[in-house]
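First subunit A sits with subunit B, and in the next complex the same chain sits with subunit C.
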Partner chain A sequence: MDRSISVIQLLPLLLKGFGITLLLAAVAIGLGAVFGTLLGSLYAWGGRVVRAVLFMLVTIVRGVPLVVQVFAVFFMLPAYGIKFSAVSSAGIALTLFASFTIMEIVRGGIEVVPKAQMQAALSLGFSYHEAMRTIVLPQALRSMMPSLVNQGVFMVKATSVVSLFGVTEFMYVSKEQIERTLMGFEIMAFVWIAYTIVCYPLTALGRRFEEHLKGRGQTSLAGAGA
Partner chain B sequence: MIEITALKKSYDARTIIDGITLSVPKGTVCGVLGPSGSGKSTLLRCVNFLEPYEGGEIRVDGELVGYELDNGRRALKPRREIARMRSECCMVFQQFNLFSHMAALDNVAIALVKVRGLKAPEAREKAEALLAKVGLSNRKDAYPAFLSGGEQQRVAIARALAMQPKVLLLDEVTSALDPERAAEVLDVIATLGREGMTMMMVTHQVHFAREVCRHMVFLDEGRIVEDGGPDMLARPKTQRLRSFLRHLRLA
Partner chain C sequence: MGYHFHFAPIWSAIPDIWSAVGVAALVALTIIPLAFGIGTAAALAAEYGGRRTKLAIAIYVEAMRNSPSLVKMYFIFLGLPSLGLFPSPFWSGVIALALHNGGYVTEIVRGGLAAVNRTEVQAAASLGFSWFDTQRTIVLPQALRFSLPSLTNVWVEMIKDTSLTSALAVKELFYLMTALVSSTLRSFEILIVFAAIYFAMTTLFAIAMKIVELRTRWK
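Here is the complex of A and B:
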C-alpha cells in the first residue's frame, strides 16, 4: 500500500486499459453493425428456411446472459483446439452478441418501411439489392436509430464483463490498481466519469440525428410520411 | 405497343384476371374502368410484372413481359431483363409512393443514377427539367412529407418519366386527391397524352377518361365486359356498365 501517489500518476495505466475498452467496443459495434445489417437484410429477403435458421440463432444467442456467452467463447472454443488471445476472444464474443442484437433491430426497421417503397423502386427497374440499399435501408435507419444508439451505449458498458476473464481492459486495470493502491473512491470516480464521457456523446449524437430527420419531415417512429 | 392476350392470373384458388385480351397501340391512351376487385390494378401490375401471371401473354413493344419461351416452355426471364422491362413501362401509384427520405429532385434523379447509370450532376439536370415539366421547379428541394398530395403525385409522374418509358401505367393516380389537386395531376396526364405517350390508365374519373382516352375497357370480375371509344360511357351497351355508371354518378 502506497498512499503517497495520486490518480494522476496512475493515469497512463488506467487510460491504456480504457483504450482496450474502446477498442473492444469499436470492434463489436463496427463488425456487429456490418454483420447485423447483412443478417437483418438476409432475414427480410430470405425464405422460410433462412428465417428459421436465423430465428434459431437469435434465440440461442439472446437467450443467455452476455457473461455466459463470453464464458462459452473462452472455454468452449479451446476445447476444440481453437485458441485465441484473451482480447481476441473477448472481441469475438462481444461481436457475436452485437451482430445478433443489431440483426433484430435491422429486421424490425426493415419491416416498418412500407412494402410500397420497395415496389415503387422495383417498378422503376431497380434490382432488389439496389432497392434495399438505396431505398429501404436508409428509411429503416430512422426507426432503428434510438435502438441502435442504445445498443452502442450498451456495448461500451458491456465490455466491462470481460474483465472477469483477465482481459486487461479498463475495469480490470482499475480493479488491479484499487487493490494495489487502495484508492477505491478516487479510481472508481475516474472510471465512472470516463465511461460517461464516452456514452453521453453517443446518446447526444443519436438525438442530433433524430432532429435532422425531423427537419425532413421524418420521425423515428413508424408510419411517417406516405 | 401493349398486346395482352388471354391473360389469366389468380391468387391461390381465386381468379383475379380471367382471360383478358387487349391492345393498346403506340401513342394512345387506354382507360381501364371497373368496380373494386374487378382486376384493374392487378392488370397494370402484371404489365409492369410486379405480379407474375399464369396464363396468356403480355407483350410490350413486341417483347414478352416477365417470361421467355424455351422450346415452347415458359420460364422466368433473368432478373436483369425483368428490371430492364420494368424501367421501360413505369408505373404511377394511387398512394404516390415517393421515396420519403429523399427530396423531390432526388426522387426523380435516383433511378437515373441507379438504373440508367448516369452521373449524379447529369441526372439532377434531367430531373430538374422533368420537375419543370410537371410545374414543380420551385419545390425541388422539398421532402415528400412537405408536399401536397397533388405535388407528390406530379413528382411521382416525373420520376416515372425520367426513365423515358415506352409506356406509362397509371393506377388510380387521382383517387387519393381532392378535386382541385386531382385537376393538377390530370392536366399533366392530358399533356402527356397529347404528346403521344402511350398510357394505360385505371381511373374513376369518367369525364376525364372521355377526354383523354382513345380506347376504354370496362372490367368486371376479371373480364372485359365492354370496350369501345370515348362515347362508350355516354351510350353503354351492357346492363353492367349502365349500373356501374349510375352508382358512380350518385357517389
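Here is the complex of A and C:
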C-alpha cells in the first residue's frame, strides 16, 4: 500500500468520473422530463387502451429492480443489432426509467386538479387553452414540484448502478482507485461527501416545496419516487 | 426475426435459482425489520429528544438520503478494513441497506407521529400511562397506520435494492442472473425469467401490505 498518495492526487480522476455521473443524471432528468410529460399527458387524457398499456409498462418499471432494467438495455439492444457505447446505453436505460417515473408524477399532478374547475372555467367563457394555461397547469405543476425534485435526487443517486456494467462514472472510477491504492476509507468518504454536496440542496428544495404545499392545505402526491 | 426461444438452460438452473431467491429473501427479510427498527427509534428520538439528539438524527437522515446506497455498501466493505474491521459481503450489504433505508423510514414515521393528536399523549399521561406504554399502545399504532402506504413503498424499494448486494458478490438473484447469462448466453430468456421473479416478489409483497392496510383501517 502506498500511503504517500493522497485523495488530492486522485482528484482529477475521481472528478472526471463524477462529471460523467452528473452528465448521465442531467440527460436522464432532462429527457425524462420531456418524455415523462408527454407520456403523463397521454396517460391522463388518453383512451382506455393507451392507459392500459402505460399502466402495464409503469407497473413493470416500478416492480423490477433498476439493475435488471439497465441489464435489459445493455444486452437487448445488441441482440437487435443496435450497438451503443456503454455510456450511451446507460443514458438510454436511465432515461427510460426516468420517463416512466416522471410520467406517474405528471399524471398524478394533472388528476389532482378537479375536473369541475375546467368545466367552470369553460362555462365562464375561458377557451380550453386559456383554462389549461391559467387554471389547471399552475395547480398541477405546484403539486408536482416536490415529487419532481425528489425524483431528480433519486436519478442522481440511481446513476451509480450503471457502475455494475462497467460505465466509468463516479462509483466505478472510485472503486477502481480503491483497488489500486487500497484507500477505501478515504475515497469512499470523499464519494459520499461529493454526492451529498450535489443532492442535499435539491433535497432541501424539495422539502421547501413540500412545506409550501402544506401551507396551502394541499398534500403532495404520496409515494411518487422514493 | 429468427430467434428461437430456448429455456432449457434455465430449467437445469432451477436449484440455483431457488437458492438465489432464498438469499434475496433473506437479505430483504433482514433489512426490512432492521430499517424499520432504526427508523422508528430515530423518529421517536427526534420527536422527544433534546436539541443534540434532534441534530444527530437530522444529520443521519441527510447522510443517508443524499447518496446512493452503493456508497454506503462500498464504504463498509472497502472502507472499514482501513480501520481493521472486515465485515463479510453479506453483512456489509445488509447493514448498508438497513442504514440507508432507515433514513427514509425515519422521515416517514416522523410524519406519522406528527399526525397523532398531541392531546392523546397528555390524556394518556394523566391516566397514568408511562411514556413507553403511551407510545406502544396509543401513539405508534396510529402513527404506523398513517405511515403504512409510504412504508410499503420503501419496503418495495428495499426488496428491489437486494439486487445491489450483487456488487459485493452476494449470490442473490441478480448475481446468478449475470452468471447464467455469461455461461449460457441465453440473455433474453434469462432476463424474462428473472424480471418475472423480481416482479412477483415485489407485487406479492405490495398486495400483502395492501391487505394489512385494509385490515388495520379504522372501522
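Rule of thumb we're sticking to: the second predicted complex is superposed on the first by the 189 of 226 C-alpha atoms of A that agree within 3 Å, B and C clash if a C-alpha of one lies under 4 Å from a C-alpha of the other, contacts with A are read in each partner's own complex, and residues count from 1 in each chain.
One rule holds for everything that comes next: a contact is a pair of C-beta atoms (placed from the backbone, for glycine too) under 8 Å apart; a residue touches a chain by one contact, two chains touch by 3 or more.
Please read all numbers here as calculations on a predicted model, not as lab measurements.
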Just subunit B (first), just subunit C (second), both, or neither: which does A:171 touch? second
Looking at A:116, would you say it contacts subunit B, subunit C, both, or neither? Reply first, second, both or neither. first
Going by the touch definition up top, name the partner, subunit B or subunit C, that contacts more of subunit A. C
For A:47, decide between first (touching subunit B), second (touching subunit C), both and neither. neither
Between subunit B (first) and subunit C (second), which, if any, makes contact with A:161: first, second, both or neither? second
If you stack the two complexes on chain A, which partner ends up touching A:124: first (subunit B), second (subunit C), both, or neither? first
Give one of first, second, both or neither to describe whether A:12 is in contact with subunit B, with subunit C, with both, or with none. neither
By the touch definition at the top of the document, which applies to A:199: first (subunit B), second (subunit C), both, or neither? second
Output the subunit A positions appearing in both contact lists, the one against subunit B and the one against subunit C. 226
Of all residues in subunit B, those that touch subunit A in their complex: 48, 50, 79-80, 83-84, 86-88, 90-91, 93, 95-101, 103, 110-111, 114-115, 143-146, 152, 159-160, 163
Given the complex, residues on subunit A that touch subunit B span 114, 116-117, 119-128, 130, 134-135, 138-139, 142, 216-218, 224-226
State the interface residues of subunit C toward subunit A in the complex, per the touch definition above. 3, 62-63, 65-72, 74-75, 77-83, 104, 149-150, 153-154, 156-157, 160-164, 166-167, 174, 177-178, 181, 187-188, 191, 194-195, 198-199, 202-203
Listed in rising order, subunit A residues that touch subunit C in their complex are 59-60, 62-68, 71-72, 75-76, 79, 153, 157-158, 160-161, 163-164, 171, 174-175, 178, 182-189, 191-192, 195-196, 199-200, 203, 222-223, 226
